[in-house]
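Each chain gets a letter, A, B, C and D, in the order it is written, and its residues are counted from 1.
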């Protein structure tokens, strides 16, 4: 035992939590492509039929793109958040796992919307999953940042506030898309495609946390 | 060869063992969602039929939630355990791979219970897999901690003991759920949903290993 | 809060970006094998029929090999590129995610070409995906390297140029394969098998970035 | 650019190569469970029929166990090998990707043997894949260790030799299993189950590379 390389350090880093999360994100996002079913074609004119069926898959391509973008947004949010979090504990691990459960569920409503995009129930489940995922991400932030519980020292208060607002802001827009689904499915769908633009805009906190 | 950056260090760290384990955990947990089959609907009233079928999938949703939670528990246990383990060797790699074999098997009884939840054999296989996985995790701990073989120096004896008890405790409860399955499937199912609460409670060793 | 282990460092490293990318690459490349469907055999002479069907799968084996090689090329390119990039920001994360979306899409045209290899549309989609993926990788490099924006200091200008040319060079060849598909599918297929050789050749910049 | 955190270091570490390999290994090994098909049961006595079908799946369970063990052996071999390798280059990346292509192919013969275990062709493909994978692993080692090309300094010559022999040794046994398949499928199968025991034995080099 004297040859042990080092003594135990009771600080729980977030290294494995981040590695495990990256794994779940990577799998959920890569498996989305399996929601696009390769057409089964037979008949006299295979070429024309295959071309026709590949074109008819456009809702699947759109669902792939939108779902990939939504999971990307959550990954980037998680990435930015954990740059500010310095350590972990049992509660944070569980909150993070609840969030990952939501992320790993996304492929289900994604393939639902790809197959039954005209049904209101598909849109409700899709937006609902996104909203619950957003709330779960916010819970992680609320727990870690309250009183600076698990954060690095020296982060400006404004950065902590804006980070929370950004998560809630996106979640609010998905709530609007959910509400719109009861009025007009088309309007709801269009909003869903445009929400990511909100996250592409640079944030007022970027200068504080980058470079 | 003189340009080699460093000389060989014969210490086997647990870095890759943990990275590989996180990968297996992440995949097993993320693939659970594929146990929820997207309904195939046709007929006159697609909307009503789809809503009906999505509701009828509740055993699949429940199985997803319970299995995600069980794999989460094993991951958190593995995470806590390897914070205390400082190095690896051939035996530990094999014990860890046996444990991972059990973890990666979980999706099979999980989809079994999701499809045939009313059958006793499904519950037996599900609880049995969980018990064997728990025993495999305990074997890792027993091997690494006996005489402090692979642990960091300076870990309180009580922490080592309680860590072992927590693993065996959960395994015991899954044993009870297995026994109950022969008496009442409903009672067994209810216990299965509540066992995770045992792990949500903070442990008496948390103050020693966190912060 | 006084027990926080360290103060916040506003440098965004590329660690998690690389880990997440490796996850997506690993999954996309490993799932290619599922494009090879295990034959379903029945009848009087199962042995002969199975042997026959396994031989008839040769386009699937070829597609597996070619697609594995193409994703390998992109991974090695990404790997080499990020050795030169020292830090990240929101724009780089998004450009990287667009690239990963293309990578994760590759299994779809790969199974298409494995099932309908004689159809022109399959070859067009396959080459098209590869070209767009190459352009997305080039976008990352163009953004990160312009004015040395996110690069390490002290990288010879020639290395930066050649790195860009290598990406565009491969993309150009896939463009030729796409064009050939309209003239002769066989010629296009042969080119597709030989393009990777271009990347196996050592690069003139290797001495600058290796060892 | 003056704010760049560090100058470029031309040493290519094996970090990302190992992370990517762990990802491929983790996915290939975790997906083996999907070779065990959940039975589809209907009829008057669902319970008896389900029990019967689950028992009849024993070749799938065996194939899962054996394949998991074989991939474990390759992972442990890769893990041990890269502890001795200090840096990477383009050739090593390609040799490693060829090896990973073999690893990611294993689930195909594994499900073949699980479905058609009595067919000689299944056993030939299974053993053949294992042999080629072993040779690919040996190629990595031969390239990295010749003249100590990519190894750490100070590794005893005997360790380098024995590491190579262990890989070739296992590959030789799989060759015997392949040969046996032409004489007696049963004998070949039994050998396949026992080969892993060879790797469970501690190696004469373990004292040199552990602890």
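As a working rule, contacts are C-beta pairs under 8 Å (C-beta built on N, C-alpha and C of every residue); 3 or more make two chains touch, one makes a residue touch a chain.
Model, not experiment: these values are computed from the prediction.
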| item | value |
| --- | --- |
| Label of the chain whose CA centroid is most distant from the centroid of chain B | C |
| Same vs different contact residues, chain A with chain C, by half of numbers used | different |
| Angular offset of chain A relative to chain B [C-alpha, multiple of 5 degrees] | 90 |
| Separation of mean Cα positions, chain D and chain B [Å, integer] | 24 |
| Chain A and chain D, separation of their C-alpha mean positions in angstrom | 33 |
| Shared interface positions of chain B, touching two or more other chains | 11, 19, 22-23, 26-27, 31, 87, 211 |
| Residue ranges of chain C in contact with chain A within the complex | 1, 4-12, 16-17, 19-20, 22-24, 26-28, 31, 87, 89-90, 93-94, 97, 100-101, 104-105, 107-108, 111-112, 115-116, 119-122, 125 |
| Of chain C, residues touching chain D in the complex | 11, 18-19, 22-23, 25-27, 29-34, 36, 38, 41, 46-47, 50-51, 54, 64-65, 68-69, 72, 75-76, 79, 82-84, 86-87, 147-149, 151-155, 200, 202-203, 206, 208-211 |
